[in-house]
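Next up: the structures, one after another.
Two complexes come next, and they have one chain in common, chain A, joined by chain B in the first and chain C in the second.
Up next is the complex of A and B:
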């Protein structure tokens, strides 16, 4: 639709004097409107630019009893849901877990590779590798492939001699130590629920419920997340899978359908 | 965006950095320390791409330790700055590091110094410097209020003025900052300026 810009055009001089100084100001200031059909497409592009790219929701947090790791299980290719049952929590070794966000093959391969390196470390040094060490190994590998198109946004969670450990590692080479992370396109939604409900001293059940709820809310709003919300717990004796609930069923658990009062009933008369 | 700035005072140098680890619109971590202690009397505040920042600054830190082990004496601040610039320069036309660095140090002979090292391997010895969007506000503040030989109280006061200005004027202002100083007693953390605290972990 061509905009009507006749109001912007005017031939009346704004300034009286016609000196050299005012040459540029003879007419009322007007500007050329860009000739395009799609005026607002830039907004959609801007939203796409800031939206986290990896189509998934994963989260992990440290609390008093250890680490909780949770993820959804949907794999999407653009608008097509290719699978609702992807294992996004990868078992690196009996006391360390990794989460998958980004390219599935990249995550699976490099986590498996990390597991191999961790085992080699154990054999060479006669002690288990720390979470710090394992995450640094992975970060260095990913850094060396920087710019070559790997897409990995992962969290390494585990329990070592110093207690619970949680690191965020991504394919741009970033590595962050922290207590609460969420990765993926659903992560902003999950962060909201996670941040507001988080307390350091929670029981394992409370923490698992917080994680489950955060994943559920993210899958509710984010189209690229869904399937099954899996929750794992990492404690002093290693990791343990706590639950795997279909988010559709979780929805009706949290928001059951109440029989509504019928105002007008249609009767057969 | 990341804000790093610093200045030289009377017998000390101070470097300030924001502490948000950001990924597009998400703040992954509100208390990420971006000022590395290179050795006992040197600080390196860095801003830039997260992978590059950590990898490059740790690389410089380890090389400085190596020099000290091999030769028995630590590098001077000027030598460290020139080494850092050299590494950035050799990588520039092959595999550039996208990191901006403020290197502050104290040498017994020459006193405190501050070096501005750009991501394209520019090197300048300066009295005050800043990187990032915050530099638009902190540079002018420092130009106005700085004078050589400032006391620690005056310098921290100026730093707080800059932080307040960044917080009030920058649209995506980082909430938390860390202040580190280096003087004859060494390089150490001076203070944090936090407006958003992470959930507290009760100490044992």
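Up next is the complex of A and C:
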């Protein structure tokens, strides 16, 4: 396919273009084009490869006092921000939380469905379901829809008889038990802050501040994350929302604008 | 053997834009009246707004055949609800029903971009915005359809709704009066018409 490169021609005159010094320099810059039949399709595939997976940042970790769950609130459709106020932390029941990453409708629907199943378990067995059990229910449902295009990357956090519990469940059918997770396109940035500041014996306030900072730093560097950073705490008596702060305001809290010295006075003539 | 791609698509986009704004004790819903396919205009006065319940209206843009089927489905479910519970469905309840109805067709979706508006159980205005497969959230204002990307930044600027996720919680509804909100909606459609070929003059509904 012959490309029209006339637009790339430089209009600047080249001095002594014919001298020995300038050998090797061409008048018209050209670039290599991949030798493929379907150039447009190749372009599309290349873009798909670097597309951010699940534009969001969510994180959760277990510490001495319980579980902290935090998330941003931006939803993007390609390059367009469709909402800055999405609830990414879903309240399954008063002592269990789920986070949303991937397809919003998928996460909302299946978390609500999980809440229904947990309630039915309570009624049938006269006791609350464990976090292990709840995450297994969800993972089995998602596994049965494997390959059909659901996109879910969620963390189930809760407090049951064995203490705090945290599981990562995704739409490929994966289910992992752990103490620290972060999911989404902003997760590398969140992990950086979270891993370096984490200690098992933190107070609730310290842990919440760590989570808030991790989300803020992720939204600072990741274009697909932003909005409001929400932080929840799950303790023996259930979950409690600790804070919801706009990340723009957090930026000016952490890095306040200092008045700079005026070096040159601008005088009005 | 290379994969064959379908030559026929069951979907079509009939264009159009819908807007809804929630106030302290009112809700304004508006939708334009043009229905088109590609560059052809099918009709100039088609209403995209449907009254689902006493205090609940839905405006949808996208593929109008799917929208009509969705409206029928919801109206039928509402009738059953009225027989079983002897009362009208509230707007939040209808919002959940719409979300579930959309998600049940997750693998062959309704090509409909909906905005639900009305008064909640306390009489405050509420607007719910949806995507094609049923994810929804309650907001202070919303625009959907072909002119949405033009209208939403303008509404962000004018209505400055604080996020419902903030703690301590701030009210998401606009402090504007009903007449100011209706004027705003008219202005919004006039501007969207300037730059979007699928949007034209509006048909306005009010709920109080």
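Criterion: the second predicted complex is superposed on the first by the 216 of 269 C-alpha atoms of A that agree within 3 Å, B and C clash if a C-alpha of one lies under 4 Å from a C-alpha of the other, contacts with A are read in each partner's own complex, and residues count from 1 in each chain.
To be clear about the criterion, a residue touches a chain if its C-beta (ideal position, glycine included) is under 8 Å from a C-beta of that chain, and two chains touch if they have at least 3 such contacts.
Just so you know, these numbers come straight off a predicted model, no measurement behind them.
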Both complexes share chain A, so when I overlay them there, do chain B and chain C fit or clash? fit
Does the superposition put A:86 against chain B (first), chain C (second), both, or neither? second
Looking at the overlay, what does A:163 touch: chain B (first), chain C (second), both, or neither? neither
By the touch definition at the top of the document, which applies to A:223: first (chain B), second (chain C), both, or neither? neither
For A:148, is the partner it touches chain B (first), chain C (second), both, or none of the two (neither)? second
Per the contact definition in the header, classify A:73: touching chain B only (first), chain C only (second), both, or neither. second
For A:94, decide between first (touching chain B), second (touching chain C), both and neither. neither
So, A:178: does it touch chain B (first), chain C (second), both, or neither? first
After the two structures are laid over each other on chain A, how near do the C-alpha atoms of chain B and chain C get, in Å? 19
Overlap of chain B and chain C contacts on chain A, residues none
Residue numbers of chain A touching chain B in their complex, please. 49-52, 139-140, 142-143, 146, 168, 170, 172-176, 178-181, 187-188, 191, 198-201
Residue ranges of chain A in contact with chain C within the complex: 73, 80, 82-87, 103-109, 148-150, 227-228, 230, 241-246
Sites on chain B touched by chain A in the complex: 21, 23-26, 28-29, 32, 49-52, 54-55, 198-202
Please name which positions on chain C make contact with chain A in the complex. 99-100, 102-103, 106-107, 129, 131, 133-137, 139, 149, 163-167
